[in-house]
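Please read through the structure below; I'll follow up with questions.
Labels for the chains are A, B, C and D, by order of writing; each one numbers its residues from 1.
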Amino acid sequence: MEKSRIEKLAYIGGGSSYTPEFVEGFIQHEGEVEVDEIALHDINEDRLQVVGGMVERMLRYAELDTSVSLTTTRPEAIEGADFIVSAIRVGGLDARIRDEKIPLKYDVVGQETTGPGGTLKAWRTIPVALEIARDLEKYAPDAWYLNFTNPSGIITEAIFKNSDVKVVGLCNNPINVQMGLAIFFEVMPDEVFLEWVGLNHVNWIQRIFVRGVDKTEELIDRIEEMPYLNEFDPSLVKALGVIPTGYLRYYYNHTKMLEDLKGVEKTRGEVVREVERDLMEKYADPNQLVKPPELSLRGGALYSEAAMRLILSLMFDRRDVQILVTRNNGSIPDLPDDASVEVPCVVGAHGVTPLHMGPLPDTIRALCQQAKAWESWTVEAGVTGDRGAALMAMMTNPLVPSFEIAKALLDDMLPANRDFLWQFYPQTV
Amino acid sequence: MEKSRIEKLAYIGGGSSYTPEFVEGFIQHEGEVEVDEIALHDINEDRLQVVGGMVERMLRYAELDTSVSLTTTRPEAIEGADFIVSAIRVGGLDARIRDEKIPLKYDVVGQETTGPGGTLKAWRTIPVALEIARDLEKYAPDAWYLNFTNPSGIITEAIFKNSDVKVVGLCNNPINVQMGLAIFFEVMPDEVFLEWVGLNHVNWIQRIFVRGVDKTEELIDRIEEMPYLNEFDPSLVKALGVIPTGYLRYYYNHTKMLEDLKGVEKTRGEVVREVERDLMEKYADPNQLVKPPELSLRGGALYSEAAMRLILSLMFDRRDVQILVTRNNGSIPDLPDDASVEVPCVVGAHGVTPLHMGPLPDTIRALCQQAKAWESWTVEAGVTGDRGAALMAMMTNPLVPSFEIAKALLDDMLPANRDFLWQFYPQTV
Amino acid sequence: MEKSRIEKLAYIGGGSSYTPEFVEGFIQHEGEVEVDEIALHDINEDRLQVVGGMVERMLRYAELDTSVSLTTTRPEAIEGADFIVSAIRVGGLDARIRDEKIPLKYDVVGQETTGPGGTLKAWRTIPVALEIARDLEKYAPDAWYLNFTNPSGIITEAIFKNSDVKVVGLCNNPINVQMGLAIFFEVMPDEVFLEWVGLNHVNWIQRIFVRGVDKTEELIDRIEEMPYLNEFDPSLVKALGVIPTGYLRYYYNHTKMLEDLKGVEKTRGEVVREVERDLMEKYADPNQLVKPPELSLRGGALYSEAAMRLILSLMFDRRDVQILVTRNNGSIPDLPDDASVEVPCVVGAHGVTPLHMGPLPDTIRALCQQAKAWESWTVEAGVTGDRGAALMAMMTNPLVPSFEIAKALLDDMLPANRDFLWQFYPQTV
Amino acid sequence: MEKSRIEKLAYIGGGSSYTPEFVEGFIQHEGEVEVDEIALHDINEDRLQVVGGMVERMLRYAELDTSVSLTTTRPEAIEGADFIVSAIRVGGLDARIRDEKIPLKYDVVGQETTGPGGTLKAWRTIPVALEIARDLEKYAPDAWYLNFTNPSGIITEAIFKNSDVKVVGLCNNPINVQMGLAIFFEVMPDEVFLEWVGLNHVNWIQRIFVRGVDKTEELIDRIEEMPYLNEFDPSLVKALGVIPTGYLRYYYNHTKMLEDLKGVEKTRGEVVREVERDLMEKYADPNQLVKPPELSLRGGALYSEAAMRLILSLMFDRRDVQILVTRNNGSIPDLPDDASVEVPCVVGAHGVTPLHMGPLPDTIRALCQQAKAWESWTVEAGVTGDRGAALMAMMTNPLVPSFEIAKALLDDMLPANRDFLWQFYPQTV
């Protein structure tokens, strides 16, 4: 990529409440890169108009020249784009709420990224993600496909296993953890260097360096003082010898999470639905000229920052280190070469090259391999619609205790998602 | 080993109800090898006398010249032996019953070889197994240490990781499965060749050849007809693409096993205790001259046959193929080199060389890696008494759903076994 | 394979002077297996008649019922056969003599299996070997393809990389070395167990057990006493820590071999041509009823024995250990999975399963990897006719010191073999 | 490392003609870092005074505050240093000239880094390098040991295999190649990104990106236009599919190099001796205030630049990508984990983390593995003085054609270096 400006950026799922968060990134980095056009695509015309209007006002208020185009025809959005950002939710929040509620019947946490909920979300998403990839191949073969759609590790793997487009997966977790650790150690974020190993949402900090000094032992000893990570029992963290990140509480603390979730009145999906409703109202207000502060409740903190860093390094060949979702290629030798991992990478105009993180520590290897097996079986079943593969996906998920429960979950969740699972329920015309 | 006769064989745990089953092997193979002396060792003098008397009568009735010596001093039994057989149960059946009952409180199947019960059994056994290894190094350095003590994969790994004695682990499962498959396919047992992969009690038949013809697909399709293996749901076996063996029902079917076990009046340990009581009465009867048929209820079918095959091949350099527990050394590249595996091996006077079984199929890899992690952490904690390693062992067991349950099990089971866990509760004098 | 008799065995290259040696095997093992028909195929009608007549007389004299058929049409020989043996020499001895003479001009030993001579021999042979494989696929899809044709490792690899036929490569070297070592240690051949590692003609004895006792150190110390192996300098063998076998003298002792070969009047090919001429005269003599003793000068000692062992184990599911050329599949993890190796294998009706020999010792790894690279590039170029691959093959051969010499050899040897190298010189009609 | 200034930097081999080149780096980067003291150490008092004087004048002329101290006592130089730079030549140029001349007698190119000359240079250097490491452990345990001494891959590996000091090896080749390619493609050096794989002086450019665009094919096609790399035959480069760097001409073009070297009047060592003599005269001249231009003839172009980049990134946690010599750790999975490699690394205050370069291309794997075997055996013999290991080192060098030549070289070169080879000739007092 030898350009100094982005001629066109396509945002698939442009009617998402996150879109203003993403656009905010270009406003904050306006001195670094210019964008001629942002093309928002969504299948929901109403949301597209509301969010598109909000984005338009934000850009105008910030006095940027970027034009905004809205379309419900995907190839139109993608054609000629330099970057395609995907942030879609197939089936919407209704599907998410089902993903959360059904598993609870079987004493299983659904969890939209690491549990059976993630499995179903992936299966709904994969057919669309591959359609987007086909569109890229046809209408924007040199573009970067930046996948923000969860479960990001699975979707990204489905894409690079079934297409030659240039894809990279992004999550805002690493940047948030880095920020939290910088505050904890009272240094600037860039003074923290993390050996981050594992998969998207299934990862650990193998070693942490603060201004070049290894602080791993100190962080383990003081884990109770660290917000967010202090959910983990100190004896657990000490036994691991590495620092687990937040989503791992669904695995390590499944019993407690299950109790908690059974106790709450509303699932996370139901809470989010309300937050979204409020956000959409704000977006629809013609007097709303900047990103509303309530957006941060939605969970996408620093997403715009992470996205901008990635885009700028790809464009301007910065070759700095960022934690991204990419093809393993042996950087973690305990995992298959063709599987997605989330590790520190050097990002430049040439693409994304993982740093060699070496064999996983003995304390985390088996869980990471199991989660990877779940992810890769989820890809396999999500692409082929094979029932045996679907059973393997459900059984290998760390939250599912047995064949019996796996089978029951499949029998319940597949039909409930029938409308979105073309690969499992081929349409006859 | 260049001898044509066994001068001395030591049997550690000689007061076991299995001992006559083992001795039966030498009676059945009397034309192939002679044994000058069988030295039985046990710490329970009473049982030793009863079982020793039974063995003496069996040998006399069979008109063998083998002498029988009884001792409660282990080095005395081991000194100068060609083979040392270990079949011990530290803590006895009372401990086993505890291993089964405590986990049920937490909705976990205890299982004496593949569950938390196996973890505790291993921890009680490892200190003694290593003492035996020390005795071999000192009193019989060229002898073979044949480990029959469960969990055999863990105990064998503990020995070869901490000693240079020549050790091999043996289980009667492979020979029984092979026999069952021969009956199923209506051929002789030797006409069945199994690509048996995995760990002791955590294994699969990757491929089965009958008279050289690959019958894997056929067996998968007809799994419902095959006694014992028909416990597995056909859809599970079809998805796996390989054939799971019996102990895997504790993993795949944990939910069902848990329900079943919660429903029974007596645990398996309690049943065995009664069987043993009856057997001991028979053994004490001076008119009992042959192995009582009730012994087969005890669960050691064909143990004598498996043991004799191993001993004869080691002695007479037969270099035939037997399924044994040995150091991996890369024969299954997905597992650590220094871990124990159960695979087909060529057995000769030189020792035991695994056949190369290649990478594990995708459908079973993660579970096998997880079970191996559990086994190796159990070895680590069992040797060192480290609490962090103990937590890792408990957490990585496939039957334990979370850190919370792992911690609760440890807090309950460790103190309950305090008398036998020297490594965890160092004695001060 | 569930038969008790061989209905048909096809011998491709039946006009070879070796054929009677091979047939001798069936005469010596007549009590073990019966053969209904041996079909000899050759493109040279005259030699076929002479050798065919000799074989006919041998079988009649031995009073076997086996019929002999002669044909110059390959599919006719192959159709319906249980075993296909390939022992061909494309281009005949004239080509071999060229292979030996041209490299000497560049101070390189040609060597028909391990040097540039082997490269050219492979390139002449591969197109024919693949045609044979195509015939098997069509006319005898369940048959075993036993490759005796040198360079056996390369030809066998070319076949299994480009066909699904059941192929195994055989060499008489392992059985001869085992025999020599039995004599040396004054035991029976079966009392010697060799950990034989590497490639065909590029191999080492990693460990030797005699009656189960490790004699590796003793053999290294006494290497000067051992005929044939005493060509290697004791300091070399001591540094290696393993025992090199005979063909490795071309690599380790290239300088000396080159001097020797420059000093002789006739190349090995020229000597063999004379031996062959004499043998053919004997074969033509109607009074010659048994294998003439001069055949042993030809270099195929014990070939019939090695072949019979292989055939009998494949037929009768013996599952004994034999040293064979087969697909690596990870049995030597330092070499590619899809490359041929020569290692101990368990041979049964199911096929050939390599024993796991583990990582190569540090002292031999690099040479073995280099020789393997040469072999695999030779396969690649031999199949595709690609000039770049041909250059890689020539450069990676351990006897070729530089790009300059590799290029000169190619420029000289390719045109000299033009008539046989269809892949390099595609015919236009 | 949390400092903003270097308090002390020790330069071992400070009497080297290169020292002013190195010091020049600090003058050119004066705005980026300050150095309080440069301690020059040498065993040659005279040279130390001459070079020390030159360095003093350079710093004064540049108006830097850095003080210069001179010492022949190594611990004095090392004590309290932040960085230790090693640039020594044990045995001096006389030894180098011997390294070049002896092998020529056997038709072998000596070559001070990649041939038998490199082997002997390493053996002379390793004992001293390990003494320096011992001094670091004692007097400057937190310091970085920057190894500039050739053969850099071997010396660096000897250090990290035998010490826990923080060591990194540096060569000016990568930066020079990058500069050359930038000129070739008419871009800035930083716009070139190289996937550089292999070992020090045995490496290839796997892929080259110019402003993010893959230019590998173009460079291969235009190799004849590229100065320095045009020594390689286009057909060779095309067959390789990757770009060999300069020192590989000793391997690929051994035959031509040998002819060339046999034709020249003076060896490179003899030429360098004259250059050095002239340089020393300049250095001794009190009117010489800046680095004399003749220094560039010496071969160290851009060394100061490479060194400064490394030092600045280690100090200021820049985490940029530099091509360095470090422990493999699996970044090239075809080479041992504990071997040194030369690959792109991220360099920060935490240290040096290799990028994952993945499996070597088939075209270069075997040569790289062979060269690595030579290096690692050279380390082994250089540390232990074991004659078997020395033979392995000599035999595995790609320039040595046979055991016979290897033995002759050892018998000739070891005694010729007797004074410096303490490990091979232990002193008795």
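One rule holds for everything that comes next: a residue touches a chain if its C-beta (ideal position, glycine included) is under 8 Å from a C-beta of that chain, and two chains touch if they have at least 3 such contacts.
Bear in mind that the values here come from a model prediction, so they are computed numbers and not experimental data.
Asker: Can you tell me the least number of steps between chain A and chain C, where a step is a move to a chain it touches?
Answerer: 2
Asker: If more than half of the interface residue numbers appear on both sides, call it same; otherwise different. Which is it for chain B and chain C?
Answerer: Over half of the interface numbering overlaps between copies: same.
Asker: What's the farthest chain from chain B if centres are computed as the mean of the Cα atoms?
Answerer: D
Asker: For chain A and chain B, what's the span in angstrom between their mean Cα positions?
Answerer: From the centre of chain A to the centre of chain B is 46 Å.
Asker: Take the average of all CA coordinates in chain B, do the same for chain D, and state the distance between these two points in whole angstrom.
Answerer: 56
Asker: Considering chain B alone, which of its residues make contact with at least two other chains?
Answerer: Within chain B, no residue touches at least two other chains.
Asker: Graph of touching chains, which shape: line, ring, star, complete, other?
Answerer: The chain contacts form a single closed ring, each chain touching exactly two others.
Asker: For chain D, which residues count as touching chain C in their complex?
Answerer: 233, 235-236, 238-241, 251-256, 362-363, 365-367, 369-370, 372-374, 376-377, 387-389, 391-392, 395-396, 401-405, 407
Asker: Any idea which chain D residues touch chain A in the complex?
Answerer: Per the touch definition, chain D meets chain A at residues 1-2, 190-191, 193, 195, 209, 211-214, 314, 317, 319-321, 329-331, 333, 344, 346, 348-351, 353-356, 358-359.
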